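Given below, in the form of structure tokens, are the structures.
The following pair of complexes shares a single chain, subunit A, combined with subunit B in the former and subunit C in the latter.
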Partner chain A sequence: MNELSVFVASSLRDFARFLKTHRPAQAGILLIALVLAAALFAGWVAPYGPMEAVPNRFFAPASLDHLLGTDSQGRDLFSRLLYGARYTLAVALSATLLSLLAGSVIGAVAGYFGRWVDTLLMRFIDFMMSFPSFLLACVAVAILGKSLENLIWAVGIAGAPSFARQVRAEVLRLRSQEFVEAALSLGYGHTRILVRHILPNCLTPIIVLGTLGMGGSILSVAGLAFLGLGGDPFVPEWGLMLKLGWDQSSQGAFQVGVSGACILVTVLGFNLFGDGLRDWLDPRSRSR
Partner chain B sequence: MTRVLAGVCACLLLLWTPACGGGKEITKAEEKDVLKILRSDKFEILDPQASSSGGDIAILAQMYEGLVRAPEIKDGPVSVPKWEPSLATDWKVEDNAKIYTFTLRENVKFHDGTSLNADAVKKSFERLIQKDHPAQPTKRPYATDLADIAKIEAPDAKTVRFTLHDSNPRFLANVSLHAAFVISSKAIDEMAKLNTPAKREKWLIENTSGTGPYRIARAEDYRGSESVTLTAFEDYWGGAPQIKLLSFTSMADHKSRREQVLAGAAGFTDTLLPSDWEDLKANKGVTLFTWDAINIMYLAMNCDQSKNYPTKDKRVRDAIAMVVDRTPFVERYYGAAKPAHVLIPYTMPFGHPKDYKPKTDTMSRDEALQTARRLIREAGVEGAVIKLILPEVPRPYLLYPRELADLIRQQLEPIGLKIELEPRKMAEIGEMVPKGDYALMLLGWMGDNGEPDNFWRPLLDGVKNEKGQWQPSDNNLARFFDIEVHRRIEEAGREADISKRDKLYKDLEMWAHDQFRPIVPLLTAKKSYAWTSKLKGVRVDTGDQFYLDKAYFEK
Partner chain C sequence: MLTYILRRVMATVPMLLAISLASFLLLHMLPGDPTTILLGQRATAENKRELRSRLGLDKPLPEQYLLYMSDVSRGEFGESHRTNQLVAKELRQRVPATIELAIAAMLIATLVGVSLGVLAAVKPRSLVDFACLSMALVGVSLPVFWLGFLAQKLFAGEMRLLPFSGRLDFGLWPTFSSDTGFYVLDALLVYRNVELLLNVLAHLTLPAIVLSTVPMALIARITRASMLETLKQDYVRTARAKGASPSTVVLKHALRNALIPILTAVATQFGYLLGGAVLTETIFGWPGLGRYVIEAIDVLDARPLQASVLLIASAFVLVNLLTDLSYAFIDPRLRKKEAA
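Up next, the complex of A and B:
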């Protein structure tokens, strides 16, 4: 794997050079860093715990005690937003990883083995893609039950088909390359070729896809949570917080606004960064 | 391959099309006679004798009628109710309230075309009170309210005589219950031919068999628990209703309901958030109707000794009752709710001793916390994880189920109880209660007839099962039964003298909560309806039901 790490390191250097000229990607990285910092340091920065309630202080306005006021349950909104970053990122990341994993396995197997395996798997993927992925996720939650964990499964599964397609395309391209033929002629097993020779070469597009997918996952999770499919409404996940504010009378409007803004900023960050990554990889959009 | 696929797709499309075009199309000419009603609640059982949910009763009350009915409501606490004639025009109470003789209204027709007579009334009541009746409903939550009927006779076609086991001054109140709505004999015969209660229930939905101003005309007008269309019954004895179609839709989201009524897309809705009342009152296009309703929201604690829940220990129940703080609950209702410390709501006569609070409710906050912590330690349940069951959709007395349940969770945390919230559908809750597989439940009760008996008996009393053992009744959320409480409920119910009766109920309240603590009464909430101001002639009775038989749209 030594060649791989050398490759990664050189790619990173190349990317860093590219970044200096790409303003939107810089902005994206900044936003993601901000959200990541909130998630990582919530425990130190947040003045209150995410479930810690101040008795009988509902909808308190912003003050020094409560930077953004309190929510309908008397909990500090600012602290919850910070912890919310943790939950939101963790859920979206898990869902995206699940999509990537499932999509990569299906795509790689289909692309590598071809013939009836390819036909079977890809028709199944076509079938899945004929449903809007959001609807598919809704159905999945309806079957699995309402909870954040199930949202991960639902969004993860619903997102897998598009990854599978792209990974398959990449594997198809690599399949006919000389190094694969060389490995085959040396008598290596299919698993070894797939895992050690083909997949590492798919890594870059997978990372780009994953980054772009994160924004989508956050939106899907928030959307499903807003529809009331997120289970316990008091978990500080931004979609659930938005929903909780929405369910209150006009006093909940502020909570809707700030939770929505957090979602917006994060998705924007991931999309900008993902676009940057794509531009970097696409030879047409830049001169190497 | 492609062609086969195309063929399959075409077949699927063909199959799909008729499914879309089924329901009744409301034509343009009819549109002005349609009232679109949005309800916060779902309806699950449309058999008057089997239902105990407010969501069902609102629809049943349009289709069925009882012998007597509740009077129209006036805002403010209700006095001792005076019953009005409905299917009976007159009644006589004899032999120290042991014999009740009703004279029936003439020219009353059931939806199936048969006429109302004494035999029909007799048959309908028999289905409600007889065990193993051939047309038995799925359940009979109100059977106990009418269990004291010893004999029903029909001396002639227009007279029904009820002989009771013992004197019962509140029998009229029980006869006004929705469970005592009269179902046609033809329907009961038809249902007796079906072999399961579930089939009978379905049959009765498709073949509404009451005497009321509206009915479900066709099977496809009932589209599950979310939506149903009622058609005016042209042969209604009070005259055919002017509004020809009522379309009921269930919509839990209060914002959407409010917006639709404001925009004129719906004509009538219930349970509006008190925080919106001011705005609605100021709006000329909408009539807002609010009143002091007879209801109570409470936290039930499972007392079943055979189950292994921490709440079976009275010390735990006391501790919970001590630390529950009603202030934030009431606050969330913007002045539309008052805290409750006893079972009987302040909005109705009898009971609720003035300013009385059970011992657990009189301590200062700190004292309560300390005592509760000690009690929890003594009971050895520190750190116990307890499930709290709550309804998924708002109830008229419980406008924010999750939010208030979360407040309870917050309040119980400091004494070392970990609460997990578990929202359930109302139908599921209905099935859970008789089994008693839960520790805590946040729910409430809406009075049906302004009688304390209608609170004590279903909520904290029991019935004898087949083996002759007492067991809590089907709406007894706390799974509580005590023979002395039972005796005192009976005693108070039988007392004909109003002031003596009032004292008996007061004494019962002051004794039972301190002695057993099965529930924590939390609050009594005002209720609200809003309708387009073009709609006139809506009647709301003291049983919280609305009626539209005399309603019309102003030109």
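Up next, the complex of A and C:
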């Protein structure tokens, strides 16, 4: 795998050069870093625990004790938002990775083997795509049961078809190239060619797809949680927090506002960064 | 041309069959025994036995599927155990509510999105262009339900400009009943009452605007990209050189040729809105199809869920089919290619 590490290193250098000229991507990285920092350092920065309730201080306004006030249970909103970054990112990341994994496997196999394998798999993908993906996720939760873990499965499954299509297109393009023919003539097996020769070449587009997919996953997870499909409502995930605030009508309005703002900032970060990555990969889209 | 249409239509048939099969199997995939799901928790053993034989749940699956399909073909979707109403009857109010909202949202999204995209492409790197790109980015990054909540708080709560939720102030029109389910049409054609119409439109405004954000962002982005591409073409330069006015060049020469990707985006988004308005409908208490799905999921109400899934996916497939067919009418070149 030495060639791969050289390839990754040179790609990273190239990307760093590109990044210097791309303002939106810089903004994206900044936002992502901010949220990531909140997630990583929540334990040190947060003045209270995410479940720690101060007795008799429900809906306290913002003060030095509670930077953003407290919620309906007397828990510090600022601390919960910090810990919330952990849950929100972890859930969305797992869902995106699941989509990527399932989509890549289906897309790669379909694109590489072609013929009836391709037809069969792509008909299946077409079928999955005949459902609006958010609806598909809702129905998946209905089948699996309401919980935060099942949201991962639901969003992951619903997101897989579009990845599969794009990975298939990429593999189709690579399949006809000479290095694949060379590997075939050397007598390498299909698995080896797919895993060692073709997939590493798809890595960059897959990373771009994954970054752009993160934004969508965060929104889907938050949306499903808001609909009450996220299970335990007291977990400090931003979508669940937003729902909790919404259920308290006017007293929870501030909580809805800040939780939603956190979601917006994070999704914006991933979309800005993802757009930048895509521009870097496809210079044709730079002018757009 | 005819072969193209035929081939495209034939390709949707297996898709629709697969969708019907999936909606049928949904009953067996939901957690728990189908009879418990259908009758709810209070069902007695005897009720369950009776239902089992009435629905043919003791028969083999293929036979059950045929029974299900014969029901569906007669427009029968069974009964909801939550409301004890016929699903077909409930859908007659739910589906028009969603279609009305989706059409309103798509009108806004298309008008604003296309205009913004065209203006941005005509003057790249201008203020309009920046506004277009920012809107395209923020539009897809916003949690819709959050935006809905903020809009509701501001325009309905603080400023009291627009109603909070629902489709109509039934307090003001207690006798209003809509046979078609399309309130705007009924207010306009059956009741012919301006005040009623305004009330209906006022209720429609906020949800439609909120729902329009995502499609608007995507349409603006695609219009801009497609127009930028077309404006670079030789024939556009020729038209300019011949002295055609700038607006003629942009609107008649370029926009018409940039239309196909735009149309695809509009149609796909419309398809999504037919089933994907769940969040907006929840915020604004809009009694549509999306809300229906969630209410059904909440108590594992199988029949409404099956019917909605079948309906939404079929509508989505049909919208896509119509889009593909409309290409041939918009772009004569596609017609020729097929004939040759």
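In the analysis below, the second predicted complex is superposed on the first by the 284 of 288 C-alpha atoms of A that agree within 3 Å, B and C clash if a C-alpha of one lies under 4 Å from a C-alpha of the other, contacts with A are read in each partner's own complex, and residues count from 1 in each chain.
Following the convention adopted for this analysis, a residue touches a chain if its C-beta (ideal position, glycine included) is under 8 Å from a C-beta of that chain, and two chains touch if they have at least 3 such contacts.
Given the structure is predicted, the values throughout are model-derived calculations rather than measurements.
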Clash or fit, subunit B versus subunit C on superposed subunit A: clash
Partner chain in contact with A:234 - subunit B first, subunit C second, else both or neither: first
Which of subunit B and subunit C A:142 touches, first, second, both or neither: second
Touching partner for A:47 - first (subunit B), second (subunit C), both, neither: neither
Contacts of A:56 with subunit B and subunit C, given as first, second, both or neither: first
Partner chain in contact with A:226 - subunit B first, subunit C second, else both or neither: second
Which of subunit B and subunit C A:132 touches, first, second, both or neither: second
Which superposed partner A:189 touches (first subunit B, second subunit C, both, neither): neither
Winner by number of subunit A residues touched, once subunit B and subunit C are compared: C
Candidates 218-226, 290-298 or 308-316 of subunit B: the single one with C-alpha clashes against subunit C: 218-226
Common interface positions of subunit A, toward subunit B and toward subunit C: 246, 250
Contact footprint of subunit B on subunit A as seen in their complex: 53, 55-56, 58, 72-74, 232-234, 246-251
Touch list for subunit C against partner subunit A, complex: 14-15, 18-19, 22, 26, 29-31, 124, 137-138, 140-146, 149-150, 153, 157, 224-225, 228, 271-272, 274-276, 278-279, 282, 290, 293-294, 297-298, 300, 305, 309, 312-313, 316-317
Of subunit A, residues touching subunit C in the complex: 24, 123, 126-127, 130-132, 134-135, 138-139, 141-143, 145, 215, 219, 222-223, 226-229, 239, 242, 246, 250, 253, 256-257, 259-261, 263-264, 267-268, 271-272, 275, 287-288
Subunit B - residues contacting subunit A, complex: 255, 273, 275-276, 325, 327-328, 331-332, 400, 402-403, 406-407, 410-411, 421
